[in-house]
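Presented sequentially are two complexes of chain A, the first with chain B as partner and the second with chain C.
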Partner chain A sequence: MEFMHLIKPGVAAPAASSTSGACNVKIHTAALFQILEIVAKQIISPEKRILGTLLGYRSEDGLEFEVRDAFMVPCDETGDSIAIEDHQHKILYQLYKKSHPKESVLGWFGTSNEIDNTTGLIHDFYSKGSDRAYPFPAIYLNIKFRDNEGNIISPEIKSYLGGSIGKKQELNKVGWKTVVPNNSYVFQPIPNEVITGTVTEKLSLNNLLNNKLSGKFDNNNEFKHDLSYLSQQINMIIELINKLLKKLETFEVNDENLELLRNLSNNLNNPSSLSDVEVLKKHFQDHNQDVIMIEYLTKVVKEQIELSARLTVSSDKSRD
Partner chain B sequence: MSVFIVDNELTSSIKELGEIFDQVQETEQFTTTLSKYIDETNEITQKDALIKEIYNISKTENLIKLNDKDFESTFNLIIYILVELQGDIEKLFQNDELLNNLIQSNPKETISLRDKKSIKSTSILSELTLIFNLLDESSETRIKIIKAILNFFKSNNLEFKIIEKSFTLNLNNWLSKINNIKQEDIKSIFWEFILLDNNHSLNSLKLIKEFTKDYEVTKDELLTLIKFSLNSKTIDLSFMINTNISQSLAANKSDSLVELFIKYLNGELIQSSEFPLIESKSKILSLCKFFDNSGKFVFKFDEIPAAKNELEILIINSIKNNLIEGKLDQLNETFKLIRVNKSVLPYDNSSIENNLLNVKKNLTIWRDSLINVDKVVQNFRENTK
Partner chain C sequence: MKKYQEPTAKSIDIEASVLLSLIRNTSENYPAIFSGALFGFEDDNGSVDISHVCPYPYPDQYEGGSLKSRSGLKFQNEFADSLKSLGYGVEFQGWFQSTISGNYITNHLVESLIQQQFINKNSFILIHNMASIGKEVDLKAIRLTENFIKTYIDNKWKSKDLELNKLSFLNIFEEIPININNQYLIDLYLSENLPQLNQSKLNEFDNLNLLSNQNVTSKLLESLSIQVDNYNFDQNNFNYYQRQYSKENTKINQWKNNRKLENLERSKRGESELDVNEWQSLYKLPVEPSRYNNMLYSNAIDNLADDLLKKCDEELIKSFAVEGKVTE
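Entry: the complex of A and B
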């Protein structure tokens, strides 16, 4: 991290918590994929800005932001001004809110390579008004996917909070609308992390990667339900152990090797639980027999329920 | 990096600054003074005098009249105006005036929890962080700001945890990117940061290990390291001994403190009035060494070289500190060992060789077992088809 972050910067949002401490933005892998998909699907010129709304939870002390989903909001940028399709944002957010009542708008994401006046305008849009982050501070997630020459690069994610500058203006009531006339911000970087997915997500990702590497893109290529996956994983570990043994053959005393030796010595003391093949074979078969038995019983119960339903229907019919 | 986005003209921002201070002090003095430098066409006249005036307004005596809520946004405005007028953030910190004004705005006495008005230390810290982030990563001024932050922590007894994560993860990276930084500066900043940790945490010990991998360890640094680590609650310190520390230990082994530290690392029982924790720590380490050398996995209480009244608590503490794993049977007075931490020290060749042989042996057993497991799985697959 090239920047320093110790304390949440002072923000103008009325409901900003007074708790001082370091902020953190947690991005769920699903939300990140959603954002990257939005970015990747746009066939546009490098200058075109893509932006969208970030959804998720914020902690009570206002220091943690958990991005769980995102959607795109169309915009039209001309010169120094930008028109954001507020209506679209509102409809999509209200739709999302129906299925996720506890989540709210955390801020926005954008793809611009630099923070400019338009960034300030968009941040302002998300910091004020209903159905946006107001009265809490909005976060800004910058996804840089082009280098300065316009070539596509691996996405770099930076997150910011808009610190306040100058006078804290009073809120003005214009009809039913609340207007905060401050459009100035000091964008201060805050740390972010992509939350490592669950085991299922990791398996899916590995499967996708394997398909990509082998050039197959078959959506029906589900995980095999037999034990070949287990066997494949065992062979992978055997291969890793072989590599490790090869590395240890040429052991020289240096910091890196000492670290490795410490780790291995402290964690590889007693692997005898795997060595008794006969016991293992018995446990494995017993476990699998249990699984098959449960599967069989489930089927029987299911058939019984269906049979009972049919009997009820036919008895009703015969009564009529 | 931090970026200012202000949608006002610079002259409006200057007037705004005057208004803020006037509002606090209930005068018109600041607005009148600053207006003198803006003509009817809204252009700035006498830029140098205006800059001087803004530095005057930013004096501590004025800043401390602001309440905490307005302090950060006002100081942000001052920085923004001065950067716009002087053209470069570096120029603001060529002398220490602005930095000193900021740091001295910290209240001299501890403020009560109910006090919402007084400027908090964390607000000043937030401004120092902003200044750091506005500077280019190769800027030498960053050294000044890091030192100011560390001094600010030291003089105000702030909680180490505020600084811990960010500095632990990034200090080496920040320092390595600064142009023309001297090795002495890097070392002094590093040790100054480490010594702020009054809890002598494991994270700080890990950071010392990482840092000393890249720099030779002088005798003074070695003694600081030893004092810090022996005062920590971490028992097994062998993990932090890298080749540089090992060389420094060898070069300074005649020193009494170094001698004591080597004895501790080797698992000998030690007492010292200087380090209150060392006796209990060395007892646990000595017990672990006994388990490691014995080559057995089941021990009767009589066989373990420790006083009977403290044996159980020693074993429990060793397990709690993740130095051993095992099962204690109080009825039969036995202890079944599952795993013990090995001490791998760069200067102990025989221990390295033994550990290496053990690891290879265990890896081979593991691999052979996995091959057998795979056969079991294959066999089962064929049988169920």
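Entry: the complex of A and C
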């Protein structure tokens, strides 16, 4: 999907960033799967609306959103109005906050095929009040999984920032609830990408991808230690090196690249011994000796434990 | 009276999101150990389906620490309540925990797990071995074996009792196979976006951080040496018992021989024989100490040693390959 927006859409949130630049939403695979699972388990009728809260980090300049988790919030839709169980949302959010104190509500996700009046109402709910995105702007993530004929399709993910239009209206008191009926939003699409966090996570995702047809979690990668696996891994490394070289060609020294620079200097700042073949050979020999020694001693420990267990048993038998 | 019930679960089915989020929690908190509760239900095909994960708020202070903590339990119950209020019919099924190799085999963990297995025969714990040697991601689901639980119920830990229940340090735990249970929508998404996901851009230069996992060997060695110390301490007690036992035994045998000779003399003189079992009131054989800790330490050492050996093999292969190329 290509995006061309020159400035960040104007949003009416007190803490919305003043810098204008391109917005970006990063969705963790775990969060995405969670949303898909919520959707898959809740489909009762095509008309039923499913929505939930997005949780994660937002960058200091307010231009980047990182969706790390999500939960469902029950709602009841009748005609043009919608009742969101905000009590449920509050409980779940506070529970989540306990284990993830640094994360906050980023916005919400839904599954509709089009942006309608209700979309604005929900967005309004998430843009205001405590325990929601307020005072930051809320984002809206839509998962479209049905085509217009109602057939299930591969989920399409779109993200939006809602910019409010029109003049703010007076506060309306309806019963004991304060309703601010500002549901005029203009939803501007912003780019999103699906990411994986840690290296381990990436590895398990690859595992999922490779085994998605068999449904097995292939825990025994040892079986894959054949040549095709090896060549696959080597190709990956070559690809990575190429990418790195490409990146270095157009390199900017800034804070973002600091970690990369540090790693590179750690790895490449080699001691002089690396160029002297004899010294290098000696290093390798010493290292291999050490490893063999560790291996030998470990084997001895392991066998001793077994021996001790056996001796105890046999001494016990001879006693009776 | 607690009774052993045979578990009916033949496998653990985990949903993809649960797998990814638990791995994210364990790997982001590394090197601290991290645990949480797993929720799901038992299906009709003899497996436990895990659909939700609840990471505990804080990393563990020691192996199995959060499993018994009150704050952890409270948090877990609140989480369960909120799942119920959302209409999910799920219940607590087990835990997950990160660890390094065999370090998870501790008193605390075994005690929590066995209590849980008494409540629900299909309880288990998912162990994420962060050392992950020879594997990309080392994840296994384990529960205590029948042999162990029966011995635990009898609460007798002498070598004789272990022999009776056919329990050794090698069969304390049994492993349950893990399957991944994808929702249809996720499969659909995966197959459609396969090439894109395969080259997800973020963090790929993280691989350059060679220092991240470098000291696995030294960590393993450290753990191994701690476990060997523990083992030795326990074994010293046992050795003391064995020495005492043989000492007393010699005395008893001497006494028995004397009595035999005496009886022979008496029968020659036509006197009645003296009781040959009188030694029981005169001597007392020492009682064998419990072998419980010995078994746990042995199992931990065995696990650590296995991982260490694998690691060494890996290291040697790499080292020889690189050496051949670099110094030729």
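In this section, the second predicted complex is superposed on the first by the 182 of 320 C-alpha atoms of A that agree within 3 Å, B and C clash if a C-alpha of one lies under 4 Å from a C-alpha of the other, contacts with A are read in each partner's own complex, and residues count from 1 in each chain.
The working rule: a contact is a pair of C-beta atoms (placed from the backbone, for glycine too) under 8 Å apart; a residue touches a chain by one contact, two chains touch by 3 or more.
Every value quoted in this text rests on a predicted model; they were computed, and no experiment measured them.
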Tell me the contact category for A:266 with respect to chain B and chain C: first, second, both or neither.
both
A:83 contacts which: chain B (first), chain C (second), both, neither?
neither
Quick check for you: in the superposed arrangement, does A:244 touch first (chain B), second (chain C), both or neither?
both
Looking at A:288 after the superposition, I want to know if it touches chain B, chain C, both of them or none. Which is it: first, second, both, neither?
both
Considering only touches as defined above, state whether A:307 meets chain B (first), chain C (second), both or neither.
neither
What is the contact status of A:203 with respect to chain B (first) and chain C (second): first, second, both, or neither?
second
Partner chain(s) touched by A:40 [first = chain B, second = chain C, both, neither]:
second
Is A:277 in contact with chain B, with chain C, with both, or with neither (first, second, both, neither)?
both
Taking the stated contact definition, name every residue in chain A that is touched by chain B in one complex and by chain C in the other, in rising order.
244, 264, 266-267, 277, 280-281, 284, 288
With touch defined as at the start, can you tell me which chain A residues reach chain C in the complex?
26, 28-34, 36-37, 39-41, 69, 71-72, 74, 88, 91-92, 95, 98-99, 145, 152-155, 193-209, 211-212, 215-217, 219-222, 240, 243-244, 247, 259-260, 263-264, 266-267, 277, 280-281, 284, 287-288, 291-292, 294-295, 298-299, 301-302, 305, 308-309, 312-313, 315-316, 319
Complex contacts: residues of chain B adjacent to chain A
1-8, 13, 16-17, 19-20, 69-74, 76-77, 80, 116, 120, 122-123, 125-126, 129-130, 132-133, 137, 149, 162-163, 165-166, 169-170, 173-174, 177, 213, 238-239, 242-243, 297, 338-342, 344, 346, 349, 352, 355-356, 358-360, 362-381, 384
How about chain C: which of its residues touch chain A in the complex?
14-17, 19-21, 23-24, 26-28, 51, 55-57, 75, 78-79, 82, 85-88, 132, 134-140, 159-160, 163, 168-169, 178-194, 196-198, 200-211, 217, 221, 224, 228, 231, 235, 238, 242, 245, 291, 298, 301-302, 305-306, 308-309, 312-313, 315-316, 319-320, 322-323, 326-327
Residue numbers of chain A touching chain B in their complex, please.
1-10, 12, 18, 20-22, 115-117, 119-120, 123, 163-168, 183-189, 226-228, 230-231, 234-235, 237-238, 241-242, 244-245, 248, 251, 253-255, 258, 261-262, 264-272, 274-275, 277, 280-281, 284-285, 288
